[in-house]
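Two complexes follow with chain A in common, the first pairing it with chain B and the second with chain C.
Showing the complex of A and B:
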């Protein structure tokens, strides 16, 4: 049997971070430099296998990876035991894993400089890689129970990351809030999985799609799953944990906690389109998504207006960005069975999914540059900051690019995805497009205030130290990606986003 | 000697620890045949640690070793899974090859349970048992240190440092 590394890449995407997560504490006993190297190798290898999987999916098409079988791709899924764990490697998983791994590599490199002075770093790196494995598993898995397992792995590891600086009472409080919500959420996910399994006796996505008939119990299970994954995706009105967790986590992992939210959103979309939603009644769940999305947009941005804490401000902005994606994909879902889907539904889906990959990157850039400000000044209040452009020119540029991108200023990448959303959502209901535009304008006001207060004005000598080079490198990496998205939006949409939309809406492989 | 319990308790503990550990190992080894497995067996082994901590009021100086043992168990578990990558991850490549773990599989139906047919499952159960026994022992150590059941250590945690 010849060994095809491309076909095996989904297993490596899962296995490599797990292996390196548990290697890190062992290597730490030998030397701390070696541990940092091992951590870096783990991150880069994971990203490398994500690249391999993307290449294979985009050239050869999608496939199912069956764990523990004697060959990775099943000839006939039904010939396998119903409870074999499968991974779905399709274009949607490619979009999700690319978003995750870009942020993970940047945040990992950023951590070297940022976390230098903390103790217990071997556990930090272990938790970081475990979260990476958890999120990757969550978006790749093709099995409901396996989804629950990765949901719990992600929750536990990211809660521990939020509480990492346990000498700060606020971190522990934020982590406790996050932990309680995630655990209750995990139990409800398990309950809804039980509801599905009790009725149909299968857990595999592909088999489940064929058997679901849309009974009352199916609707109950779908409702529970939507609420829990929307909660994990930090959508209003279940967003209250997000600002705490984002602002109290160690700075370098803040974008990574945000990525676990995006991962949950990816899972939500996959469940809604691929598994349960299409069999229940897409227009109802689509309308629900639109309502949640509009609510998140408005609540997030109005709360961001009144914040004076730099990190909390960006955390609320991220809540409002999640609203854009939910609204756009909700429009796609609501029109799925009508002729409108061909008219503007696909465009809305493209806009929503393109906004996800965009948002993952520029939000990470914005978070990391804000954290760099807090790192060198030790001040978080916007009222006390000022004149930092004199001391930290690079960070100023990075923050500006992230800020303009999140506000959707042309020609930056945020603009191209938001334009797709405005165009298509307007055809569904003009009110939604107006709300989206107004929220975008308020976003510009919010980031404008933050940028003006923190960076412009006379030099006040607030910077106590220089930004370490690894932190600059992490931010620079994200900036390069944002610029690539800015320069070639057509290419990204046609090569990555459109296949993802097709894979999401179409039948599973 | 404030944290130590009476001689009777200590002697009974010494006697009981051995069968507890053996029962734990039994649960781990038979994981693929009977109820139990790596996690349950590991938890049983860790309960012997709880007994020792209660009876003697100390834990020795093995915290770092236990921590490493935990990581070692998990690393070997993932490695065992990755070795199967010739077919797929988690493929049971030992099953049916003969030897200590790979006995030939019996035909379907009722049988008395053949211990040597687990393949990688037995090995993975062993690794999980290693991990769980070490991790739960560490948890017991943490909790008993805080609850005053054990001799307090000299080191001050960062949270207390900040309060000062």
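Showing the complex of A and C:
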């Protein structure tokens, strides 16, 4: 039996961060420089295996990775399903893991400079890698029980990250809020897993899809799952933890906490399409998703309008961006079984999923450049900031690119995905397209206000120090990715997003 | 409903009671320690639910013995429960340590005093 590293890459995507998470505190005893190097190697290796998996999926097609079985073994899979741990390596997982890896590498490099003055950094890097393993596990897993385990791993690690600067009361407060919600959510996930298992005796997505018949208990369990994952994805009206957690976490991990909620959104879509879509009337869950999406868009952007704290402002914007994806994918789900799906539903899905990968990157860029401002000036209030373009030219450019992208200004990447959403959603209901456009305009006003207040105007000499080069490098990496998405939107849509839509809607491998 | 079937329903009734009591505590109590106690009660409810699902009368525990393999119960819910207990320990410990730090910073563990994030 030859060992094919491509086929085994899903195991490495989890194994590498877990191994390096517990290696960093050990290496830290030898030297701190070495620990930083080991942390970087862990991040890059994880991204490398994500690349291997993506290459294999996009060239050879998706496969079901069964732990402990001879690989590949497509014939006898059904007999494994009851006992084995399975991972789904398909184009949807590729989309999710690519988004996660880009942000993780950028945020990790950014952390070197940003966290330099903190103590207990070995634990910080451990928690960072554990969160990475948790999110990757959540999007890759192929059964509900594993989903619960990775959900809790992500919750515990990311809550501890939020509270990392525990000398600040607010950080601990935000972390406890997030933790209580996540734990209650996790228990309800476990309860609904019990409801499913009690009826069908299986936990595997593929087998559940075949056996779910849409009884009342099914609807209860699936409703619970949808609500919990929408909560974790920071969708309104369950978004109240997000601004606190995003703004109180150490700046370099803020985009990473945002990525955990994006990961939950990926899981939500997979559950809605893979487990529920075929068996329960998709128009009901699609409509629910549209309502949640529109609510998040409006609530997020109106709350962002009144914020004066730079980080909270972007946190609320991120809530409103989640709304775009939910609305677009909701339109796809609502039209799934009708002829409209071919007309515009599939376009809406493409727009929604393209917006997810776009949003993951430019939101991270926006967060990181805002955090650089706070790091340099130690001021978070927009009323007191001003004239920073004189002192931090690079950060100004990075913030501007992120801001224009989140507002959907052509030709930046945010525009290409939003255009797909407007086009397709308009055909479903013009009202939705109008709401999306108006929210986009208000978003422009919000980021415009933030940009003018913080960067333009006379030099006030607020910058106390220079931005460390590792932070500039992290932001630069994200900017390069945003520019790639801007220049080749067609390529991204046809090579990564369209297969992901097919994998999401189609039957599991 | 006969007396016997009511007895068989007892675990599920207990589960519902535990979940409702736990959720009530989380939603309506102001003391952080009590909220965490409520979460623990919910955890126990969920665990009891899984264990009662696994029970099949007249069948054997899934241990390698001479019993016929068809007479054994599926071990999945037990594995679930054990994992959930371990995870529950971790989350409870983390939340309690957050509470200790909140007491240090705010001098109170009443949720009405702990709302600096809102300002």
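The criterion applied here is as follows: the second predicted complex is superposed on the first by the 502 of 509 C-alpha atoms of A that agree within 3 Å, B and C clash if a C-alpha of one lies under 4 Å from a C-alpha of the other, contacts with A are read in each partner's own complex, and residues count from 1 in each chain.
Heads up, the rule we're going with is that contacts are C-beta pairs under 8 Å (C-beta built on N, C-alpha and C of every residue); 3 or more make two chains touch, one makes a residue touch a chain.
The model shown is predicted, which means the values in this text are computed figures rather than measured ones.
Residue contacts after overlaying the shared chain place A:284 against neither chain B nor chain C. In the superposition on chain A, contact is made by A:187 with chain C only, not with chain B. By the document's definition of touching, of the two partners only chain B reaches A:8; chain C does not. In the superposed pair of complexes, A:203 makes contact with chain C only, with no contact to chain B. Looking at the shared chain after the overlay, A:427 reaches neither chain B nor chain C.
When the two complexes are overlaid on their common chain A, residue A:176 makes contact with chain C while staying clear of chain B. Comparing chain C and chain B on the residues of chain A they touch gives the larger count to C.
In the superposition on chain A, contact is made by A:166 with both chain B and chain C.
Look at A:44: by the touch rule set out above, it reaches neither chain B nor chain C. The interface of chain A with chain B overlaps its interface with chain C at residues 166, 168. By the touch criterion given at the top, residues 19, 23, 26, 32, 35-36, 39, 42-43, 45-46, 49-50, 53, 74, 76-77, 79-80, 83-84, 87, 90-91, 94-95, 98-99, 101-102, 105-106, 114-117 of chain C touch chain A in their complex. Within the complex formed with chain A, the chain B residues making contact are 64, 67-68, 70-72, 74-75, 78-79, 81-82, 84-92, 157-159, 161-162. Against chain C, the residues of chain A that register as touching in their complex are 82-83, 145, 148-149, 152, 155-156, 159-160, 163, 166, 168-170, 172-177, 179-180, 183-184, 186-187, 190-191, 193-194, 197-198, 201, 203, 244, 248. In the complex of the two chains, the chain A residues touching chain B come out as 1, 3, 8, 11-12, 14-15, 18-19, 22-26, 29, 65-72, 85, 119, 126, 166-168.
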